[in-house]
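A, B, C and D label the chains in the order they appear, each numbered from 1.
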Amino acid sequence: MTEIGIGIIGGGYMGKAHAVAMSSVGAVFDTLLRPRLEMVCATTADRADQYRRAYGFARGTGDWRALVADPAVEAIIIAAPQELHCEIALAAFALGKPVLCEKPLGASLEDSHRMVEAAETSGAANMVAFNYIRTPASQFARKLIAGGEIGDLTWFRGEHTEDFYADPDAPATWRTQGMSNGTMGDLAPHMINAALALVGPIDEVMGAVETVHKTRPGTGGAQEVTNDDHAQIMCRFENGVMGHMYFSRIATGRKMGYAYEIMGTKGAIRFDQEDQNALWLYRAAGPEATRGFTRILTGPAHPDYLPFCQGPGHGTGYQDQIIIEARDFLTAIETGQPVWPCFRDGMHVNQIVAAAIASSAERRWRSVSSV
Amino acid sequence: MTEIGIGIIGGGYMGKAHAVAMSSVGAVFDTLLRPRLEMVCATTADRADQYRRAYGFARGTGDWRALVADPAVEAIIIAAPQELHCEIALAAFALGKPVLCEKPLGASLEDSHRMVEAAETSGAANMVAFNYIRTPASQFARKLIAGGEIGDLTWFRGEHTEDFYADPDAPATWRTQGMSNGTMGDLAPHMINAALALVGPIDEVMGAVETVHKTRPGTGGAQEVTNDDHAQIMCRFENGVMGHMYFSRIATGRKMGYAYEIMGTKGAIRFDQEDQNALWLYRAAGPEATRGFTRILTGPAHPDYLPFCQGPGHGTGYQDQIIIEARDFLTAIETGQPVWPCFRDGMHVNQIVAAAIASSAERRWRSVSSV
Amino acid sequence: MTEIGIGIIGGGYMGKAHAVAMSSVGAVFDTLLRPRLEMVCATTADRADQYRRAYGFARGTGDWRALVADPAVEAIIIAAPQELHCEIALAAFALGKPVLCEKPLGASLEDSHRMVEAAETSGAANMVAFNYIRTPASQFARKLIAGGEIGDLTWFRGEHTEDFYADPDAPATWRTQGMSNGTMGDLAPHMINAALALVGPIDEVMGAVETVHKTRPGTGGAQEVTNDDHAQIMCRFENGVMGHMYFSRIATGRKMGYAYEIMGTKGAIRFDQEDQNALWLYRAAGPEATRGFTRILTGPAHPDYLPFCQGPGHGTGYQDQIIIEARDFLTAIETGQPVWPCFRDGMHVNQIVAAAIASSAERRWRSVSSV
Amino acid sequence: MTEIGIGIIGGGYMGKAHAVAMSSVGAVFDTLLRPRLEMVCATTADRADQYRRAYGFARGTGDWRALVADPAVEAIIIAAPQELHCEIALAAFALGKPVLCEKPLGASLEDSHRMVEAAETSGAANMVAFNYIRTPASQFARKLIAGGEIGDLTWFRGEHTEDFYADPDAPATWRTQGMSNGTMGDLAPHMINAALALVGPIDEVMGAVETVHKTRPGTGGAQEVTNDDHAQIMCRFENGVMGHMYFSRIATGRKMGYAYEIMGTKGAIRFDQEDQNALWLYRAAGPEATRGFTRILTGPAHPDYLPFCQGPGHGTGYQDQIIIEARDFLTAIETGQPVWPCFRDGMHVNQIVAAAIASSAERRWRSVSSV
């Protein structure tokens, strides 16, 4: 058991989640590396100090470069806005420090390419924070598919839908500016990553990306919205499977609509994050009269559940995904082995985002490798 | 109360459903016109006679022209394969007889155009049998949307998915031959009709139509499948709403996956025919803490429910949709007023099918009016 | 194929349901006996005439004795209030005519005993209209249990809950007067019948029967309610299984809460009439990781589904249960064989009702045979 | 912010859960008191040392008295078997140390009485670990009821059902010995506590407590089972509401069946821990046509959700309940104010357990105050 000093840049939504995860991951998973909350960074030293006290870090700073450079900071978590991801990651890799970067990898595909190169040159552990795919249910879905339980896949449908911008009168903010903060930039990556994990690489896409509410109330009148409210893509996977994905921040009624259904020649799987402790499995076997979708409640028989609770059906939650992620990041550092999804995986996601946006603009299918 | 002589062509799946419906529609809805099961037609006189006895018709015939021409047959229901729809309808309209035609209207868009022309020339009642949209739940969904209950629409997703051909070893039959028997030809029309009813006319489509299992076991070895197993279309409605539809006969686990979700600025609606007596409604109103999708059970407060049962939540079934349809057909005949969906409406559906297939082949968006 | 003249006493909620059922049962099930709607009876000749025209009967009458005595009436359905069941049934059996009697069999246990005796003396077909147990799903549940699919039973929980009297300000009517119109008298019999069918005979009960809203607005001020709003019973089945049932007319939110769950050593079954086309089955078999409740949609593989529809998941509704019941009644007449549930079965239900009410008053367990 | 030294007795299922909770509660809730994992105790020093390393405690011990007496241990969590609860608690209170005790409070009602007395004499913080009632959903249910949202209550039904002993061949262990380890002793307390919290005090009960599988395979042949497999109680609350509860460890298919439904004159609530992030609310208001149960997903608008996640519908899990509990325990210590449920509340639960067992043996209603 060795201590490792953790530095987190950002102390907001995800910065806190990572801080909490790093506080408990050792006790949950009995990890070899034991995180020490060394330093937290925010836009100002004051804000950082508040985070420090609240989350229990040793130190706070208003300067992310100081955090990255600090010798006691041995691993870095980037939980700051997407525009900062690239610069921070490059600085960290320059010092050979491991990085766990929040999604999306880079704010642009170019950023992502640079980040992959830096990560691979440095040889340091690198990982992208696609937490949803780490629930026991979704891990189990991957296992079932990989094990051939539902046969050859024939169809994939995924969505990541929320409704935080469903109200046309919700005000303009930084969220309504810049493609990396729009639906394709910000929400789509989670589900695209799931699609790649569950089905395999994507060859080509046909996108339709749209800003439904073109202006929103801003300070001093209506302000133009410069990114997308929702988007859909039809896609073709390398293995021939056809698919569809839908992403939205205006999906009235949907709170955490990270959902997918996958059909195969021998079965089917359905999942909805709004009921994250259940996986629905259909198997085309046995007498017709007893076939149907089975609601499997996650439990100790499923991946990464037992460390959280010995009882089946007792359930894990959002924060637990981040703890599983923390364990994987620590394992990557400890073993020196790449852990999925690494930066290259995150870049592939950005590539699909870019191809879909291009396809939408050109109103034609685009191969992913063409962007 | 006046009797009306009904002739049904076909006594299979739908022929029987219409016969049963015509037997009970009077008692259920207290209709002015009271159907008399006059004549049924099948491929052979023998088969027709079996249907006659089973369903309680006065007479049977192996010749549909005889049925159409028979003076005691005052209204005609076409429940024969799609290839026959056009010819039969034309014969009936030539005699000025009302026609209720099973979906899809014509086996091809050309057929449909001819059928519309004949119908409109004759002035006789004409109606297409899109029964699913007639459930109390879906009728209520239409009403809610029309009444502005969910605000301005922003997104439509529909599907019609079944799994009767999910098994790759299911044998080739007439169902695997001819576009009008494939998924786009045979299943898609129901949901396209729903989309038009719920959201409005469709301007353009981007289709992806596919035969997943290219051959199937036939008599004397593998036989080529000449129509599609599943298909998806992205679409743009005239009112600007973006949408997506998916159709499949290989959707493992799905039995009657006629399902849709519709989002608007003030609410959302979800429906799945596999739970046909429930409509899910979300309203973006009231305190955040008590918002959520409400599972509304159909009851006497919903369209066309009460005649079937005085108790809410007691539920209607498949056959009841056909009875509602029968009532509407009788009303059309009685009042001389067109009833939705008439042949022209059915032709619009075929148009979208044709546009989607063309779009898929050309891999580009197609405007519906261009086919 | 032989015609049989049907007489129905009552043309309200259930009278209509039976009339519709008798109109279509022949076409649905291709029965040997073909019902002819001969006569309908209501409180007045006028009302009867309205029913006659609406439902398509040949004749109407305001005098049920005339109906019973009429030679063209060959089988009788009692769809009048419970207080009339006994007298009508006795008159019918005196003439040797078959009777289908709405639930509960008699308005009192004494009535039920007399009715059983008359039925058995006459030798005529006799049946009680417990329609809910005839859905394809519940029939299949019986089959699964009988086939040992869920092992030895260990627990039964049933309920029949509705909310038509949930509002304390709902006015007093005949429904709030007389034990046979209260929850135990009127609603409980359906679920008690289900318990007997699914698990077996009941030995003893411990009841708690209660009038929650002691008065209700009546004409001229508050009126006393003389029957029960809700009731629960703990019970012990002959085979040793322990159970519980709950009945309510004030179960806010419940519309058709006819629901049960049955556990066994090898599996479990759950059913809720509010989703009547689904049966949930759990089997304690196979790997732990894929166990769960399976939502089985009814289809042609389940009892009495196929005659209504060739497609699985398309669903049956309330009216279809009455059609299945009509088929069984016709079969009983035709074959001369008793059909379950006959009057004796209905009397057993009344016995349990009586035992539960007595138990509640005495606040102690009562054996069913002691009443 | 002050550190507080935590000592946990037991490092198994719940000992770990409390250790993890104490690791992260500070970061999650920004508590004033910040736990320091001071000491853990197990049956042997070796086992304790393993727990120490795994969960990150400073020290371990095989002697719980040493832990209780240790000056650096400032607050004690009892996560050892029920038989030990009393003795440990008494020792802790003798030193004036705060105690969080796992459920059930005492292994017997006598134990519980002694524990309450000791707690109240000492004046130290005391709390019982009924974690399930602390989910955001169940906290919100309490709030809705207290706020009159569903009107005057009319009915309560609760259950705590699991299936870990559903297999009759599951071997005998300490779990099958002693009433405090049976279903009434071990599982019932959670739901009884919920009933008290949601509805109010219970006046009298009528129980039926049963051992279904009388023997189980043990070392050297069949071994007698000396406690109960399942149990039901009918109950009457002080406010007049009638209720029912069912508890089972043989409820095939149920994993975490902590579920309740509560009806009132204006609405109803349904909850099932197997879908712990949803609360179902029905309100008898607005047009009949849009009424139904609403599935409310927990989110920042609900009690104690926001500290775990800023996004609604993202969900909390089992471990998070223990973190909320830890926060409440820390608050009790910090403020010196009693926190619900304190030891006296836990004793009331044991009282109901005892009354139900006595009632079952005597086959008659028992008032709770009579035990």
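The criterion applied here is as follows: a residue touches a chain if its C-beta (ideal position, glycine included) is under 8 Å from a C-beta of that chain, and two chains touch if they have at least 3 such contacts.
These figures come from a predicted structure and were not determined experimentally.
S.K.: Identify the chains adjacent to both chain C and chain D in the sense defined at the top.
M.R.: A, B
S.K.: Hey, which chain ends up farthest from chain B, C-alpha centres compared?
M.R.: D
S.K.: Weigh B-C against A-B on C-beta contact pairs and write down the one with more.
M.R.: More contacting C-beta pairs are found at B-C.
S.K.: Just going by residue numbers, which of B-D, A-D or C-D has an interface where over half the contact pairs are the same as at A-C?
M.R.: Match found for A-C within B-D, A-D or C-D: B-D.
S.K.: With chain centres taken as the means of their Cα atoms, state the distance from chain B to chain D in Å.
M.R.: That gives a centre separation of 54 Å.
S.K.: So how far apart, in whole Å, are chain B and chain C when each is placed at the average of its C-alpha atoms?
M.R.: Taking the mean C-alpha position of each chain, the two centres sit 34 Å apart.
S.K.: Determine the centre-to-centre distance between chain A and chain B, using the mean Cα coordinates as centres, and give it in whole Å.
M.R.: 41
S.K.: Please set out, as single numbers or ranges, the residues of chain C touching at least two other chains.
M.R.: 254, 278, 291-293, 297, 299, 312, in rising order.
S.K.: Which label fits the chain touch graph of this model best, line, ring, star, complete or other?
M.R.: complete
S.K.: Using the touch rule from the top, collect the residues of chain B that touch chain D in their complex.
M.R.: 140, 278, 281, 287-297, 299, 301-302, 312
S.K.: Mind listing the chain A positions that touch chain D in their complex?
M.R.: Touching chain D: residues 1, 13, 16-17, 19-20, 23-24, 26-28, 30, 34, 53-56, 162, 254-257, 273-278, 297, 299, 308-320 of chain A.
S.K.: Spell out the residues on chain A that touch chain B in their complex, using ranges where they run on.
M.R.: Residue positions touching the partner: 150, 154-155, 157, 163, 166-168, 206, 208, 210, 212, 229-230, 232, 234, 242, 244, 246, 248, 250-254, 263-268, 270, 282, 284, 291-293, 363-365.
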